Amino acid sequence: MADVLVAGASGFAGALAARLVDRHPSLTLGPVTSRSHAGTSLLELYPHHRVGAVLEELDLDRHSEVDAAIVAYPHGAAAPVVAGLRERGVRVVDLSADFRLLDRGVYERWYVPHGAPELIGGAAYGLTELNRERIAGAELVANPGCFPTGALLALAPLARAGLIADVVIDAKTGVSGAGRAPTDVTHFVSVAENVKPYKVGSHRHTPEIDQELAALGAPVSVTFVPHLVPVDQGELMSCYVTPAEPVDESRVAALFAEAYAGERFVEVVDAPPGMRDVRETNRCHISVHVDPGNGRVMVFAAIDNLWKGTSSQAIQNLNLMLGLPEDEGLEA
Amino acid sequence: MADVLVAGASGFAGALAARLVDRHPSLTLGPVTSRSHAGTSLLELYPHHRVGAVLEELDLDRHSEVDAAIVAYPHGAAAPVVAGLRERGVRVVDLSADFRLLDRGVYERWYVPHGAPELIGGAAYGLTELNRERIAGAELVANPGCFPTGALLALAPLARAGLIADVVIDAKTGVSGAGRAPTDVTHFVSVAENVKPYKVGSHRHTPEIDQELAALGAPVSVTFVPHLVPVDQGELMSCYVTPAEPVDESRVAALFAEAYAGERFVEVVDAPPGMRDVRETNRCHISVHVDPGNGRVMVFAAIDNLWKGTSSQAIQNLNLMLGLPEDEGLEA
Amino acid sequence: MADVLVAGASGFAGALAARLVDRHPSLTLGPVTSRSHAGTSLLELYPHHRVGAVLEELDLDRHSEVDAAIVAYPHGAAAPVVAGLRERGVRVVDLSADFRLLDRGVYERWYVPHGAPELIGGAAYGLTELNRERIAGAELVANPGCFPTGALLALAPLARAGLIADVVIDAKTGVSGAGRAPTDVTHFVSVAENVKPYKVGSHRHTPEIDQELAALGAPVSVTFVPHLVPVDQGELMSCYVTPAEPVDESRVAALFAEAYAGERFVEVVDAPPGMRDVRETNRCHISVHVDPGNGRVMVFAAIDNLWKGTSSQAIQNLNLMLGLPEDEGLEA
Amino acid sequence: MADVLVAGASGFAGALAARLVDRHPSLTLGPVTSRSHAGTSLLELYPHHRVGAVLEELDLDRHSEVDAAIVAYPHGAAAPVVAGLRERGVRVVDLSADFRLLDRGVYERWYVPHGAPELIGGAAYGLTELNRERIAGAELVANPGCFPTGALLALAPLARAGLIADVVIDAKTGVSGAGRAPTDVTHFVSVAENVKPYKVGSHRHTPEIDQELAALGAPVSVTFVPHLVPVDQGELMSCYVTPAEPVDESRVAALFAEAYAGERFVEVVDAPPGMRDVRETNRCHISVHVDPGNGRVMVFAAIDNLWKGTSSQAIQNLNLMLGLPEDEGLEA
């Protein structure tokens, strides 16, 4: 049994990570920490998670006697905590953006001054299906953003085949993606009976998607626009690709079938997937189509933003890092 | 006071049209008809509309003693009814697709054999802001589809300026767009906590958008994908345009400002609009942006699919046809 | 034209009041004030209200040159503002609880020390249908709470007939009732897929209902429990009355029919009403039933908590105070 | 491993039962049948359940070679199927009302002529926590209605203590309780932004609650009113009890603590429970309060109508009938 610290467990992502660790057959939930809610039981904040642990202040020295840690801190705040854990030899899955971008300049342009620049480039990018081998040997995994997770699973087969000349990604996300802090944006009355684009042309997941698409063979500058929808959990990525050469539906279908043939959590489906199909699972459902009128390739990917988009993918990565079966603790 | 027949008033669109006529200072609600609900009061079907009229079977001879008619029949069924009303000299706003497409072959490929081919081409296309003069003199207006309404308002300024090389339209629509008939698709449990694309690459509004964009100067084949969202009324069109030449944000902003400067119901806004901003109004809110990473032009348009997308635009058109102020009866 | 100040217009209730004044044929919107959002346009906070006025800090001396004021301050903060306006001769409809309770001790037990005790008892209780004459002559009206509005309209005919021996009131309310401040309780993720009782046995509207029921002839101590439901606007009151003597359905039906026979905004309906039937209206729909198994009388009343429950009732009262037709500005 | 037939698996309840059997460590999913959808895969109807079995027509002779069956047929249609299975020696958990009521006259007054009257009284009433011993030895279990499940768990401790003089039960239920058939009532547009009472004074679960309360020691005639809320799964029972003698909160708290002390799936909580706390679980959360104003006892119980209210309780009962641990297969 491996002991796992969850740092930053009062937010949606950390709390779900704590629950998944708590139910995991080969993991034990170690300390759960929170800067804002020390002393509070997780049961009080999230009754439905059924985790009785009490949140405490993070104390790196005392809390580093674990086998691994999931860090669910905000961007910028995560880096020094991750660095501290790594110095003490703890394996880390970091849910923040702090170690995803390989270029410090790009990171600091989109986020904040970096808190542990010496670790940049030292993390494996944790999109499990696309980077399995590096993750298995890694001591630090940068868990992807929820949007990059869906977008890259949707686009990887086309990127690897050199078929992406240009791409528009129109994302729809549930409100939990905005985090636990109550704001005007997350107020029920703002969200109900509404759909609204936000951070048009300026969402921080854009450079992450660009970086990883380039690594897969598609050095493009994507257009990415998220929309907030009245759903609590769920994410649908609608990807519109101008192909580098004409393709027909059977060719793209074959590419996707082959790419995800052995995957436990990615399923290529015929009809366009809905968010609901994968709610509260680590699964990604993908359909691919060619527009008969103009040859554009359309890929739709549905995930749960808190599960495969964040916390259950962290467990999937942790399983690999610890030599456990990749799907352990991830299927009801 | 002009007397107005509403044929097909048991559906969402017809019932709302009846309500708007009923409250209109210069219109009188004449017969309201329904094949399926003859004998039922509209008050029973739609208590919130507060219209007490009782639905009856349509009788063309008896019911043609009106000044105008709004026909809210399904595609295919509308054409003969419209033809019958026109023969009897009644001005008609037709909410179906039957007279929108100018090419009979295209119509019959996407819909059904046409029921009144002699009238094809004889209708004014009822997107008020783009076709005001023809509508004012018309005796038959083909009211646009809800998606073409939002898409064309979003794209017209770019189309007229010759700036559209290519375009992807990602639409989000409330459930009322699927009509009143209860189906697996409109069941609350199917829609809640879900977002799902449908009719991918095959929605019937595609040829309508193509036809009208061509008329505006942009002969493209659009990619158009609607998504069902858990909202009762509302529509958001997200349009991604590859410009024919590089443009900057100030140029496109000026194009839109100019195009809609005098419009009562179209407002160009700075922040991306939400469905909720225009709920239960005849308004369309539009924002336009240029992606700093790749120069793509992004236009977002929000309307209420049942109001500006259907029934209140029908009233706007009727006002023009009858020589009334265009906005009469359309503002609370 | 009467000039109307709206003090506290950045909240849901005040903003809606400002919109209703702005559209009213015989009222002019005077200053709109806000402590928290001075300098902001209402258009920015509430685009769908379409009111362009800019919020400013309240300045009693400068802002008292109006014919009337609607005060939408929190409980406790309202009293001194109301007192200041009254001193300057301004007619006031106060939306807070500060002048609803006639017994200062009761007020201070449930709320806070009273800020203008000299005015207690000087206000007319603003449940229009039940207190029309006093309101018409009043210079200060205490607008009822949203729950008392629905409960008292549901129970008044039984109370006046001496038929209430005991009553349980189970209320369901939309989230706008909790106000504009974003909190854990109003976060979309807390509300979606949830129904939850709150303030069980301790909601501040309880003494208000008790006081007014006693005035109507039913000196009971009610059990009142509100439940938060995933709806933005709307309120349903389910009232379960143990009758003082056996009654049958025809007798109670006659009582309600008679009580509300001439009412423009209260409608006695046969089938149980839904919130949606009265959304965004000043209306109250009521149905009354007798349980065949045990003789209990059940009354269901639906209102919109922000409209008849708050802001549109304020306009209805203002109309009476100013000698205008009671329904002016209240029907689309 | 016990082999389990699920008859009527295309509906919400049967499909969930099939999923729970499929994931159960000691059960094997045998045939899954459907009259309306034979030939369809469950995967197509319910992608999120992840059960690949194909529905077939029920063939009693062929399908009786199982250890047990869960029958999810409509009321009336269930009885003959259950009788056929019992004749062939198959243990049955019946989800319909057909064997819940002990008095044939009462059954036939509220439902239809009974299809297997010889079995009336031969079934154990399957509210597990209240009837554990009889269920463990039973060959036929009548699974309770979803409303009786919540109501009886909420009221049993008071009924057994002789404390119920009178009771009002105000229920709120998610739309899945209305079943899979699309109707005007389950249309998204009917449900969104709405709350509505239905079957006021005439819901069929009323005699079931009365019968079981009497068996527990409280021979009362309850007032029971369900309300439809915009939630897909979930049920909240608000119970208002006039106590037979004055009680204080500590006494009722002790009664509930004692009654449910050893229970795995029933939890007595301090704050009023929300539906969301128990979503997709076999759990029931209960809080109990005394109204300080009038001494009324208020009990709130939250369950998931499809889980503890129907299908997971069926598994809980099946576990007992087969000598398995009661909670097997019921916790993630």
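Think of it as A, B, C and D in the order they're written, each chain with its own count starting at 1.
Rule of thumb we're sticking to: contacts are C-beta pairs under 8 Å (C-beta built on N, C-alpha and C of every residue); 3 or more make two chains touch, one makes a residue touch a chain.
In this text, all values refer to a predicted model and were calculated from it rather than measured experimentally.
Trainee: Farthest chain from subunit A, going by the mean of C-alpha atoms per chain?
Mentor: In terms of C-alpha centroids, the chain at the greatest distance from subunit A is C.
Trainee: If you tally contacting C-beta pairs, which comes out ahead, A-C or A-B? Let me know.
Mentor: Looking at contacts between chains, A-B has the larger number.
Trainee: When the centre of a chain is set as the mean of its C-alpha atoms, what distance in Å lies between subunit A and subunit C?
Mentor: 46
Trainee: Please tell me the distance, in whole Å, between the geometric centres of subunit A and subunit D computed from their C-alpha atoms.
Mentor: The mean C-alpha positions of subunit A and subunit D differ by 38 Å.
Trainee: Starting from the mean Cα coordinates of subunit A and subunit B, work out the distance between those two points in Å.
Mentor: Spacing between the chain centres: roughly 39 Å.
Trainee: Residues of subunit D that touch two or more other chains: which are they?
Mentor: 190, 192-193, 230-232, 273, 276, 279
Trainee: Once you've mapped the touching chain pairs, tell me: line, ring, star, complete or other?
Mentor: Topology of the interface graph: complete, with all chain pairs in contact.
Trainee: Give every residue of subunit D touching subunit A within the complex, in rising order.
Mentor: Contacts found on subunit D: 23, 47-48, 192-193, 269, 273, 276-281, 285, 332.
Trainee: For the complex, give me every residue of subunit D touching subunit B.
Mentor: Against subunit B, subunit D makes touches at 12, 175-176, 180, 182-184, 186-193, 230-232.
Trainee: Residues of subunit D touching subunit C in their complex?
Mentor: Per the stated touch rule, the residues are 166, 168, 170, 172, 174, 190, 192-198, 200-202, 206, 210, 220-223, 225, 227, 229-234, 236, 238, 240, 242, 272-276, 279, 287, 289-294, 296, 298, 300.
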